[in-house]
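Below you will find the structure I want to go over with you.
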Amino acid sequence: MLRVLFFARVREQVGCDSLELPWSEDRATVHGLLSGLCQRGPQWQAALGQPNLVVAVNQRVADSAARLQAGDEVAFFPPVTGG
Amino acid sequence: MLRVLFFARVREQVGCDSLELPWSEDRATVHGLLSGLCQRGPQWQAALGQPNLVVAVNQRVADSAARLQAGDEVAFFPPVTGG
Amino acid sequence: MATAALTVQVQEQAFDPGALQQALASADSGAVVTFTGHVRGGAGAAAVTCLELEHYPGMTERSLLAILEDAAARWPLLAAAVVHRVGRLGPGEPIVWVGVSAAHRGEAFAACDFIMDFLKTRAPFWKKEHGPAGAAWVESRGSDEERAARWQPSTDGAG
Amino acid sequence: MATAALTVQVQEQAFDPGALQQALASADSGAVVTFTGHVRGGAGAAAVTCLELEHYPGMTERSLLAILEDAAARWPLLAAAVVHRVGRLGPGEPIVWVGVSAAHRGEAFAACDFIMDFLKTRAPFWKKEHGPAGAAWVESRGSDEERAARWQPSTDGAG
């Protein structure tokens, strides 16, 4: 399984906090996972297609080439604005 | 009159907190005042001859060429070490 | 070199900067620098009646601790601490507190400034402002990235 | 631009950094940076049992206020305050507190750092350390002058 999390504006746009997906060859990279998610509809495409989208794999920032394994936690969110 | 103040190590070396002196032509500059004070004895010479001596006239840092008038407050002290 | 005491707290409850500072100082602290960030109230159409702070539980604490560890590897610190609130906050309330204790002031100032720059650009928190015109996510600011870029990577490998 | 609230206190009594910070913050403060300097205890022959702080009454307050005015002319500050103790202090006790409140953190950090650099090199205070080996005046440090020299004269004449 892959655990997928969404935060802040991205969470609101996709209308989902988190979901679990089985790992597959199509989802062996962040890029593959993203491509599949974008096909869920226009809001998904809009939220996940933003150029400033941040991805974290297992709670560390990663890029779209990062490889995924079963059990990984993948999060998508906008640039941070704390402090 | 001139009011003359000494602080910290300088105060301890000359053995005096403050003194009042009549204004005179000899004391028309900081340099003149200092020359007279240095003749009071070897401790005065040692304390006031230090290259890092600081002079303030009317509570503003000044140099030895600064002119003095009756009523001025002149202070001699070592480099500051607060904070 | 002794290890610096590093602590991270993410919490809904309000905090007291004075009590946090008292807990930070140790016998050897010559210098303590603190930063407190408050919710700005704004005015008129930009007035903020409430600030909502979302975070990524787990990653937030981990990234804050990594920032403190980076700071302690760059400068000889005695202690460093971050407290960051989440949930709903009113105008004027403190959001974030960073405290650094060191023997000398140069490193305490630099480390506190550094920690805030990376907290602003790396820790997963997001602000949403509620006001008379509705609610809006706060946009990230390029100036924060520029401030963080001031800090060259540490080359001395201390730590 | 509104005038910054500037306050200077030179006192024998101990002070509470938390209470001072609370008094400093106003409704518009987005960022508050504070510095607290403590008496370092030292160890062995260099142990300090008591620190004696002498000052130049009148000139001290005047020079501290001038430093705050310089800071407020360089950066858009909401408030800045200095509290400095004189007399006899024990190891670990706070000597000096500087607090700066501003809309944004950049100016609050810079102004607090600037105020400390000039306080250390311009305000007429002198420290004498008492320890097992007797009493000795603290020597001024070249590194403090170097830190103060980092700040170029202000050219924009704001204020």
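Letters are used for the chains, namely A, B, C and D, taken in the order the chains are written, and counting of residues starts over at 1 for each.
Basically, a residue touches a chain if its C-beta (ideal position, glycine included) is under 8 Å from a C-beta of that chain, and two chains touch if they have at least 3 such contacts.
Given the structure is predicted, the values throughout are model-derived calculations rather than measurements.
A.B. asks: Hop distance check: subunit B to subunit C, minimum number of steps through touching chains?
C.D. replies: So the least number of steps between the two chains is 2.
A.B. asks: What chains, if any, are shared contacts of subunit A and subunit C?
C.D. replies: Correct list: empty, since no chain touches both.
A.B. asks: Just how far, in Å, is the C-alpha centre of subunit D from the one of subunit A?
C.D. replies: 49
A.B. asks: From the C-alpha centre of subunit C to that of subunit D, how far is it in Å?
C.D. replies: 23
A.B. asks: Where the CA atoms of subunit B average out and where those of subunit D average out, how many Å apart are those spots?
C.D. replies: Distance between chain centres: 26 Å.
A.B. asks: Rounded to the nearest whole Å, what is the centre-to-centre distance of subunit A and subunit B, using the mean of the C-alpha atoms as each centre?
C.D. replies: Averaging C-alpha atoms per chain gives centres 73 Å apart.
A.B. asks: Where does subunit D touch two or more other chains at once, residue-wise?
C.D. replies: Residues 37, 116 of subunit D touch two or more partner chains.
A.B. asks: Using the touch rule from the top of the page, what residues of subunit A touch 2 or more other chains?
C.D. replies: There are none in subunit A.
A.B. asks: Across the complex, what residues on subunit C touch subunit D?
C.D. replies: 16-19, 21-22, 25, 27-38, 40-41, 91-92, 103, 105-106, 108-109, 112-113, 116, 147
A.B. asks: What part of subunit D is in contact with subunit B in the complex they form?
C.D. replies: Per the touch definition, subunit D meets subunit B at residues 37, 53-56, 58-59, 62-63, 84, 95-96, 116, 119-128, 137-140.
A.B. asks: Once bound in the complex, which stretches of subunit A touch subunit C?
C.D. replies: 5, 7-9, 52, 56, 59-61, 75, 77-83
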